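Some structures are shown below for you to check.
Look at the two complexes coming up: subunit A is in both, with subunit B in one and subunit C in the other.
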Partner chain A sequence: MFEFDVVTLSRLQFALTAMYHFLFVPLTLGLALLLAIMESVYVMTGRTVWREATQFWGTLFGINFAMGVATGVTMEFQFGTNWAYYSHYVGDIFGAPLAIEGLMAFFLEATFVGLFFFGWKRLSKVQHLVVTWLVALGANFSALWILVANAWMQNPVGAAFNPQTMRMELTSFSEVLFNPVAQSKFVHTVSAGYVTGAMFVMSIAAYFILNRRHVDIARRSLTVAASFGLASALSVVVLGDESGYTAGENQKMKIAAIEAMWETEPPPASFTLFGIPDLKSETTKYEIKIPWVLGLIATRSLDKPVEGVKALVERSEERIRNGMAGYQWLAKEGGRPNAAVPPELDASMRDVGHSLLVKRIRPDIENATDAQIHEAALSTIPDVPVLFWSFRIMVALGFYFIALFAAAFYLSSRRRCGKRWFLRMTMYSLPLPWVAAELGWIVAEYGRQPWIIDGTMPTFLGVSNIPASNVAASLAAFVLFYSALAIIDVALIVKYVRIGPREEADPQASGAPVFPAPAPAQNQ
Partner chain B sequence: MRTGPLGREIAIALGFKLLALIVLYIAFFGPAHRIKVTPAQMAEALSASAPR
Partner chain C sequence: MFDYMTLRLIWWALLGVLLAGFAVLDGFDIGVAMLHPFIARNDAQRRVTLNAIGPVWEGNQVWFILGGGAVFAAWPPLYAVSFSGFYLAMLLVLIGFILRPVAIVFRGKREERGWRETWDWLFFVSGFVPALIFGVAFGNLLQGVPFHFDQTLRATYEGGLLGLLNPFGLLCGLVSVTMLAMQGAAWLSVKSEGDVAVRARRYGALAAILLVLLISAAGLWTMLGVEGFRIVGVIDHAGPSNPLSKTVTREAGAWLDNYRAYSWMIAAPAAAYAGALVAALAFALSAKRLALLASSLSVAGVAAMAGFSMFPFLLPSSTHPSQSLTVWDASSSKGTLSLMLIAVIVFLPIVLAYTSWVYYVLRGAVTEAAIRRGDDYYY
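After this line comes the complex of A and B, so read on.
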């Protein structure tokens, strides 16, 4: 079970703040783009119903933006207090994209959000439309830089260790920016945000149609969200597959854990659709497998094996032993002004991170026994059942979204979106994109353990020398703060959904409904 | 656009949030709480014979 030491508490605090922050982010990403699309239709057609729709969804966007803004700042607070060793070790690299995000993207987004709200009567139609697109662009840029920073933790490229300063230093900014993990993560994450935005609009539109309120705006919003959502949901799955491939290249243990794959899967590797992982026997019971699929996802081939947990543990053992010479040199010379790695130790230095895993078991790692080295290698296995189930629920939800948006697209194109079963199903699906997104982050981050920087720095070495009680106290304060914010956020959104859009008579509206509103329910 | 009551409510919520963030920062994360790590401390952390 969990031991509530400073490492666990610091991780818990970071996870809590990150997951809370990510309740706001996907909706901002998705709604910003939907606002831009709706306003574009308004500018092109001149129909006031589209301006009203943009303003209504803009109000909800504004509430979400105001409540969400700066909820991520608390993560940056934590780097300096709870994660001081991590900050020293990689601050040079990790800090750069975060700073760029703050300076460029956030200011772009925040400035234009102000113009979006207060510029309706001060800017021309086209100027306001440009502002709305810049809000959407700014939101996406923010996500890009944060994901570049996160991807570096998953695949640390473009950096080298300096034994004099005892830190990783940037050697190539372009490698960090064009890190394949960052690229695949970015497109997968923003697409998930678009799905969230589309589901939000579609669910609330379904609520209005069911209650026969604001039907004109609701039905148009639903039609836009259905097509945008379908394209986004398809993108999430396709781009998620690319994330699977990059993990198959760089984080083989994560893939093995997600698959609960103890033994190496011979080519063509099959994908486990369902099973029950059993940690004691290191097997997966009642497996249902789909041939070839894992080979295609993880290796893009049908003739390469996918390594299992046991083989990867053996590989970790080798790397722990290989890194010992480098570690011993570093323990003696590290931090000295003239320290320079001898060329014959270059290969060993690449595996020092693995040797450091032994430190959790015994401090004088150079004297570790075979059993202790094996125990350290076993610590490279993440929590298999959590990853196995999180991934499968996320993927199942992804396919559900495709089906729901496809149904919405089909029904709205046939002007039959007024069906009660469909509207109810859409309305109750509202929380599901958030569930999928949070599970995605659990797979990505919990699956990276025991590393804070994959293969380079174990998580337990990144924390500060502070009492666990300090972290526990700030964690409790965060829980209170974020709970209060969540209550305010939900209360404001519910209040303004109930009030609904402000509608004016549209002189150009045809008056003919795109699809008929449902008949009032008998038992309500 | 509806800026009256919504603007007021958002301003109050933002004020509350700003205040809470300032309090949290001062109480737990301000300069007094920040840990400065030097290269020597990093080397010590990696090579220390006692667990940190």
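After this line comes the complex of A and C, so read on.
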């Protein structure tokens, strides 16, 4: 079924390392902000219970943060190691937000996170609070810039191909920065991070309340997390809709695949709540449809059609043919110091990316037969069942989060924690935001296939020219290494949750030491 | 703002600044990691070395990440060819950079002796492997590496990991290991007291003297035994970034051309030597701050030496010298270089300001007694 060539292995490795890194990122985003909120309450009220809460959640934040830093380095370098031709082709545009992310966000977050832990005694209350807020700010800036970069892959604006250097070059940074996909992705993704942070705090707080331990800190944490979580969960779903809308503008194929919508839906398009996509017959069986909803999400209107897979494939086929002239000119003239695209080829040049899809079938694409061009056009259909189900599970989870946070918020506003079954449900909901976040990644990135840059460069062309055995070796190393680290990370988090916060009222920790410092080693 | 040629020169200089920033700041983290099992001999001492970099390693590591990002943004062909060409070497470096954060944070989170000793050695590996590979990589840059392009500028690299481990590459690897060990020792001598500080000074002095010998050996070898690269014919300093339209020759000693043409560049080797010698002396005299200053100067000097010798080459090709990447044909577009320069001018001073403030807040030595008291946060 799979062919283990460089392309497949590199894609597997990227998916594995990105999804793994994305286990730690959302929690960092959400928890950093929750720490800042709790510490703000401490500084405003002066009640030490809030400082203890901040320090307890801070310890867990520290374990998670180390994993985020460790796995993030891989991401920054993987474009060069495994996607060298992509890096050459779009580094002029794509590299800029990554570098700015380093300058503006990583430095801020990473420089102050040390002070967050080591600065409690060295800084005044207000100084330390500022430090905590700067860590949270850095984490959010970082999300902004990486999503600006990612959005450019989904919707490559503000760039043009330069035949002299044989690559895409920046024409308008403001278009890249204000890419509508970037705006909605940023809000959607950070909100998802906030939901993850809120759920993490709320679940562990529920665990403490169920076990009647640290109830004081747990109840306060639960209140903060419930209100913060409710606002974030609403924002994820409302602004997830926004993501759907922009996908409708720029990536019609993605939305058609998410909907398993083979034929163009006449306006107002209906939303498929349930169905079984059948790839062979290109139909979706047992559909349950809600009228009008998709038209509203995707076109913000009741009078525009939403295009189906088949119509989009036909359009791709046209573009593949149209790009051939530009491709042939490039093959002859590209890379010459004075190369300039003849004006009559301008339109064709815009479709060269589509023509390149044929390269997967035969290298001399100008001689492709009609059947081969059709085959290449069919390759623009992403994995329909995976997208269809990932999207639906993600959305269902989103609504579940709203309900759960709303209930917790209502209860805590009445100064209650809820029945034991409710607390237990809250506790066991802990992994769900991660499930939703990873599914969101799959919808966004797996749904972008076969493109590494939408409509511009097919994924298989972006890889490095390296032996498959090297990629197999690195993939194996990452699997082994990351699995071991995951086990250790979870075990440590569980251990520190069990230990719980150090409270001053706690006789074991009476007196000054409020720091969760490790004990000396045994046998020394 | 600036013309294309000036922008390329500025970005070449900024590449050097980033490299030096990384080598000086992250360098002492790497050095501390390498010295950790040798200088610190019981749990309390190991916690001293760990906590000497505990609050600052995250920020320092960003110099490495930013280095990657800046090369990607300003020199995309260099990023593409070097990272994919050095694939397995990069994998080893990455593993080092993944291990370091978790070793620092996880070591103290359990009490068992085996747990802690395992992390101690992984911490060592996380310093030693990247230090060695960075040096080996530079040693191979000076000799040229086997790559070429096709007409679409897709690069093919014809060597493997073992090809990098040639004698000159390994010598440069030793230079890097020794240099960063010296830098780590200098940091430890400032940030610790008692046994740890005494041993740090001893190891530091040894590393500094060794570094002088190793740089001399590598320098002599570069002069006599390494065929440098030289562009012949007219160079278009503002031409399109396409490395296929120039002619390059090779000649032993060509890496010294720049020092003959621009005598001020001799400041780099002078700083490397003088810094190491002064550091050795300062270690011996227990002048801790001077040792750190001199060591940092030496580290920056070594980084600058590599850059000055190779200018305008960034990544010379041993098999197709005329396709080598240079400052004049491997940069981003003028627009991107201008934009990124603005970003650097705005943000780098801010970064340097708050980094200095954080170091100021965290000033003072980490002592075994304070860690035992446990009245502040320690790993």
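Just so we're on the same page, the second predicted complex is superposed on the first by the 502 of 524 C-alpha atoms of A that agree within 3 Å, B and C clash if a C-alpha of one lies under 4 Å from a C-alpha of the other, contacts with A are read in each partner's own complex, and residues count from 1 in each chain.
As a convention for this text, contacts are C-beta pairs under 8 Å (C-beta built on N, C-alpha and C of every residue); 3 or more make two chains touch, one makes a residue touch a chain.
This one's a predicted model, so the numbers in the text were calculated from it and none came from an experiment.
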Touch check for A:502: first (subunit B), second (subunit C), both, or neither?
first
In the overlaid three-chain picture, which partner chain does A:173 touch, first (subunit B) or second (subunit C), both, or neither?
second
Considering only the touch criterion stated at the top, classify A:310 as touching first (subunit B), second (subunit C), both, or neither.
neither
Which touches a greater number of subunit A residues, subunit B or subunit C?
C
Mind working out whether A:114 is in touch with subunit B, subunit C, both or neither, as first, second, both or neither?
second
I'd like to know which partner A:363 touches here: subunit B for first, subunit C for second, both or neither.
first
With both complexes superposed on chain A, which partner does A:488 reach: first (subunit B), second (subunit C), both or neither?
both
Which superposed partner A:374 touches (first subunit B, second subunit C, both, neither):
neither
Please work out whether A:80 is in contact with subunit B alone, subunit C alone, both, or neither, and reply first, second, both or neither.
both
After superposition on chain A, the subunit A residues reached by both subunit B and subunit C are 62-63, 66-67, 70, 73-74, 77, 80-81, 84-85, 87-88, 117-118, 120, 164-167, 331, 334-335, 464-466, 470, 473-474, 477, 481, 485, 488, 492, 496
Please output the residues of subunit A touching subunit B within their complex, sorted ascending.
55, 58-59, 62-63, 66-67, 70, 73-74, 77-78, 80-81, 84-85, 87-89, 117-118, 120, 164-167, 327, 330-332, 334-335, 356, 359-360, 363-364, 461, 464-466, 470, 473-474, 477-478, 481, 484-485, 488, 492, 496, 499, 502
Enumerate the contact residues on subunit B facing subunit A in the complex.
1-3, 6, 9-10, 13-14, 16-18, 20-21, 24-25, 27-29, 33-52
So, in the complex, the side of subunit C touching subunit A is made of residues 42-44, 54-59, 61-62, 64-66, 68-70, 72-74, 76-77, 79-84, 87-88, 90-91, 94-95, 97-102, 104-106, 108-113, 116, 151-157, 236, 239-242, 244-245, 332-333, 335-336, 339-340, 343-344, 347-348, 351, 354-355, 358, 361-362, 372, 374-379
Would you tell me which residues of subunit A are touching subunit C in their complex?
62-63, 66-67, 69-74, 76-77, 79-82, 84-85, 87-88, 90-96, 98-104, 106-108, 110-115, 117-123, 162, 164-167, 169-171, 173, 331, 334-335, 337, 464-466, 470, 473-474, 477, 481, 485, 488, 492, 495-496, 512-513, 515-524
